[in-house]
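The following blocks contain the structures, represented as structure tokens.
You will see two complexes here that share subunit A, one where it goes with subunit B and one where it goes with subunit C.
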Partner chain A sequence: MTTTYASRPAAPAARRGPAPSPVVLRGLAGLAGLVAVLEVLPRTPLVSADYLPPASTIGRAFWNLLGEGTFWSALGDTLTGWGIGLAIAVLAGVAAGVVIGSVPVLRAATASTIEFLRPIPSVALIPVAVLLYGTDLRSKLLLVVYASFWQVLVQVLAGLQDADPVAQDTARSYRLGTWGRIRYVLWPTALPYVMTGVRLAATVALVLAVTAELVIGAPGLGQQLAVAQTSGAVPEVYALVLTTGLIGVAVNLAARAVEHRVLHWHQSQRGESQSR
Partner chain B sequence: MQRRILGLALAVVTVAAVAGCGSSDSGSSAASPAGDGKTTQVTVGVIPIVDVAPLYLGQKQGFFSSRGIELKMVTAQGGAAIIPGVVSGQFQFGFSNTTSLMLAQTKGVPVKSVVNGAASNGKVGADVTAVMVKKDSSIKSAKDLAGHTVAVNTLQNIGDTTVRESVRKAGGDPADVKFVEIPFDQMPAALDGGRVDAAWMGEPAQTIAKAQGARAVASPFAETHPKLTVATYFTSTKIAQENPDLVKKFNEAMTESLKYASEHPDEARQILTTYTKISGDVLTKLTLPNWPAQVDTASLEKLAGLGEQDGIFGGKKPDIGALFS
Partner chain C sequence: MTVRIAARRALFAGALPAVLFAVWWLTSAGSTDFYLPPLSTILQKFPEVWTADRLMSDVLPSLLRLTAGYLLAAAVGIALGLAVGSHRVLRDVLEPVLELFRAIPPPVLVPVIMLFAGIGDTMKIIVVASGCVWPILLNTVEGVRAVDEVLGDTCRSYGITGPTRLWHLVLRSASPQILTGMRQALSIGIILMVISEMFASSNGLGFTIVQFQRSFAIPEMWSGVLLLGLLGFLLSLLFRFAENRALAWYHGLRRAQRDS
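After this line comes the complex of A and B, so read on.
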């Protein structure tokens, strides 16, 4: 800890270098604490090691998983469902959002429908998905796309609504066409909202992909989890849960990186990098 | 800027798609072209449990590919997803316990059993399923189950009907047994935590519970009938009528697989590691079912009778001859 504080004054220059920032170190310390608790707790009479194995056992199971072909193909299946589903949801959400958001009549006409459809939990569609597509990739996609589409759409609509009316009027008086107004006025305003929507959608898509595999039995990490569960292989269950957690972290970091890149000009991102 | 987003999105999709392709290849590599050069892809809906080991073993031994069948197994969490999958044509064949098939038939679901699946090994005290209790439980025999809570994986199915029969045979009142629904894999914990007084477990839950000190007090399958046909492979009546040749080939390949598995129990045990995560002690200790090539009609009549007695068929009577012929 002392070294961290000692290095702190030099932080602005060192941040890009190999020395990790105190924030990261504190985060790692928290993680190490959790692992320590998980290692000790199963050895006490509080919980049974049969149902919560020590962290080291879980770690070993995780290491073994990495050497299995089935694990990697399951990971591929999960990422495929996630990636395709997210791509469809983002493209459809942005397209629908721009069309609806830039035409006031459409916006008024669809508002109630969107508010009705949006809160339907995607998992409630599992029976429908099973009847339509069975354990196919398509049933996974149905759930993933349905859940993440709304995240994007709602953000796009909110972003378009946020466009400065003066700027819009100015664009009109300069005789910019519909496309020009979308391109130069609406889209730059909406973009930060869109990126937030994409980031939320990326996480939601992962949740739904794993859920579909777990419940329906579509191939992927969720299905492996179900198999480990029925086999009574408790350490493997935790190792797979850990895997999905790590993917979640990776997805979130990647989404943030993309957001940071795309919005490098935006106040929010510039503010963030300065305050750090 | 937009181009960059699009590029990133494309990159993600491409990477994911490539990863996906890699995985699907590994699944079908076992299949080899048939003698006459014609290969039919057949999808079978299964539950990833011990009972379906012959199917995987038969695939490995080439009993299916030699008949022009390229097998693809799809694992579902429970039988409830398999029957609709077969009826809607997503799977050509499925694996289900026999009570579920009778239930489906009495509800007018168009299914037809095509070949045997698994049977009780007939050993009271060492069968594929058992009613387990905690080491220090006051329950000593099936008779004592009356007045207690027993966990089964599915209510109104093969578990509770056969457990009632065990209680009846031991001289207890089956009406006094209270059943609750808990998945097999959660039963050892439920029993250990005292949430239920007893649990009807299949494998590997039974072996796991035994390792924790639990005792078996009843063997419902063996006690119902020593040769009880527990599960069979089935298809839809549509496929049975329109593609009798495929059904015949599947029946032949499966029969050969059942025979092979019966003769090579160690290989059957080993194949479990390819489609389940059972390993170590549990793998070597778990009880295997019997895999006779033929269904036992008398045992199915008995099972149907028990179901009727418990009223699970809604007053109807399953037609054993039509379903399992």
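After this line comes the complex of A and C, so read on.
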């Protein structure tokens, strides 16, 4: 997005000192602050402990969950739906995006259709999924794939469009073929966008997997949450919300790590590692 | 000449949808599957189901809740994003907390928010806002961080600081990224609008579609799905229009770079 006016020198070895401890410490301080607020707030008249139990109570409920077999199988169900759905969506999104994005006629012909289909909220398909597949894994997959496919596709298309015109012309004057241009000019430009797309899709896939469980009643953490809510087990509700959050964090960290590895040459990643 | 270009563009825009529509029409024409009724039946039901009355009583409340939640999320997200993005220490302290909150799938907050806010409109607005705020916030942070260093130095050497710098440099440079976040937030907002209505509501689009599904009024349900799609499409069109106006300078810049 930004234009680099001067090339940066590679980070000298001396800068890669010990682990960036101040950053970690500050982050831990932030988390500790959050826990402290959650512990104190329910004990004040501001918030009723019936609605928001103190952090220690939630922690105990979370610990109890970890000892239950149903919790682990629900976790497995959620992750299965998420993983399979995401894999299908990413493969299909990248394949479709590269084909459509590198052929101008196709891009022009599909633009309106993509614009029409993309914003259709995947939850509109919930009733359809229920009717067709019931609480089966397939109804979860239908929602997950539909929602995350567009995230990837749109990012791939945006990335291909962002290709540097000078580089494109250079490639053309060096007579790179279509495949060569995709491989050496379009793909490197698009890759940051693709990674963003995958990261977004990973999050959206988790959201839709849990939603399908929560609303449709497909087995998984969302269903456990619905059960805990109807039986008025408030600490368990928070413990399950915390669990989904932790899964989300794990998903994000994994996506970041992959992104960092794949894009180590890119300006955004280099700038980050240098300033630390 | 321009007429020909416009006609070409219309042809491109219309061809594939027409083909897909025709395929759906033809393959479903003789359908006896109860769950997959012929398209003609669905379209026939559409004007019967979605009368002006119903649009007022179900679609309008949904849209109002969506708008309120979305605007709330945009205001909070951009303000917080600017603060977090421009202060290194603040970012370090808050980042893990924000990551945790963002990572919670917004629909699981529906039961929690119901504890505090009951099942009224407030709950739905908070649910929409709580989901929309994260893409806006995090994209703003990224956008602020990616402000061009040379421009930043230029500002510094000209003594441009404070609100002027924020408005002319930071917000300007971050705006393409902020709008990207807002576009992502829009689709999340629609999802949450529908889900919050599926949970506990007496009106709204999500509520009505689920009612149709539960009473096995299948063509009516499909017409609702179509309406939701149409609504999502119109909202994204509206967004694109607004985005093109707000980012005219940016698109012009990119075009100039491409053409030169």
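Quick note on the criterion: the second predicted complex is superposed on the first by the 243 of 276 C-alpha atoms of A that agree within 3 Å, B and C clash if a C-alpha of one lies under 4 Å from a C-alpha of the other, contacts with A are read in each partner's own complex, and residues count from 1 in each chain.
Throughout what follows, a contact is a pair of C-beta atoms (placed from the backbone, for glycine too) under 8 Å apart; a residue touches a chain by one contact, two chains touch by 3 or more.
Not measured: the values here are computed from a predicted model.
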Greater subunit A contact set [subunit C / subunit B]: C
Touching partner for A:148 - first (subunit B), second (subunit C), both, neither: neither
First, second, both or neither for A:215, with subunit B first and subunit C second: both
Contacts of A:135 with subunit B and subunit C, given as first, second, both or neither: first
Which of subunit B and subunit C A:102 touches, first, second, both or neither: neither
Partner chain(s) touched by A:82 [first = subunit B, second = subunit C, both, neither]: first
Which of subunit B and subunit C A:73 touches, first, second, both or neither: first
First (subunit B), second (subunit C), both or neither touched by A:57: neither
Partner chain in contact with A:227 - subunit B first, subunit C second, else both or neither: first
Shared subunit A contacts, counted only where both subunit B and subunit C touch the same residue: 51, 130-131, 214-215, 226, 229
Touching residues on subunit C, where the partner in the complex is subunit A: 9, 12-17, 20, 35, 89, 92-97, 99-112, 114-116, 146-148, 150, 173, 176-177, 184, 186-188, 190-191, 194-195, 198-199, 206, 209-210, 212-213, 218, 221-222, 224-225, 228-229, 232-233, 235-237, 257-260
Subunit A-facing residues of subunit B, complex: 1, 4-5, 8-9, 12-13, 15-17, 19-20, 22-24, 26-27, 45, 47-49, 74-77, 81, 84-85, 88, 90-91, 183-185, 188-189, 192, 204-205, 208, 212, 275-279, 282
Residues of subunit A that touch subunit C when the two form their complex: 1-3, 5, 22-23, 26-31, 33-34, 51-52, 108-113, 115-128, 130-132, 147, 165, 200, 203, 206-207, 210-211, 214-215, 222, 225-226, 229, 234, 237-238, 240-241, 244-249, 251-252, 268
Partner subunit B, residues of subunit A touching it in the complex: 48, 50-51, 69, 72-77, 79-80, 82-84, 86-87, 90-91, 130-131, 133-136, 214-217, 219, 223-224, 226-233, 236, 258, 261-262
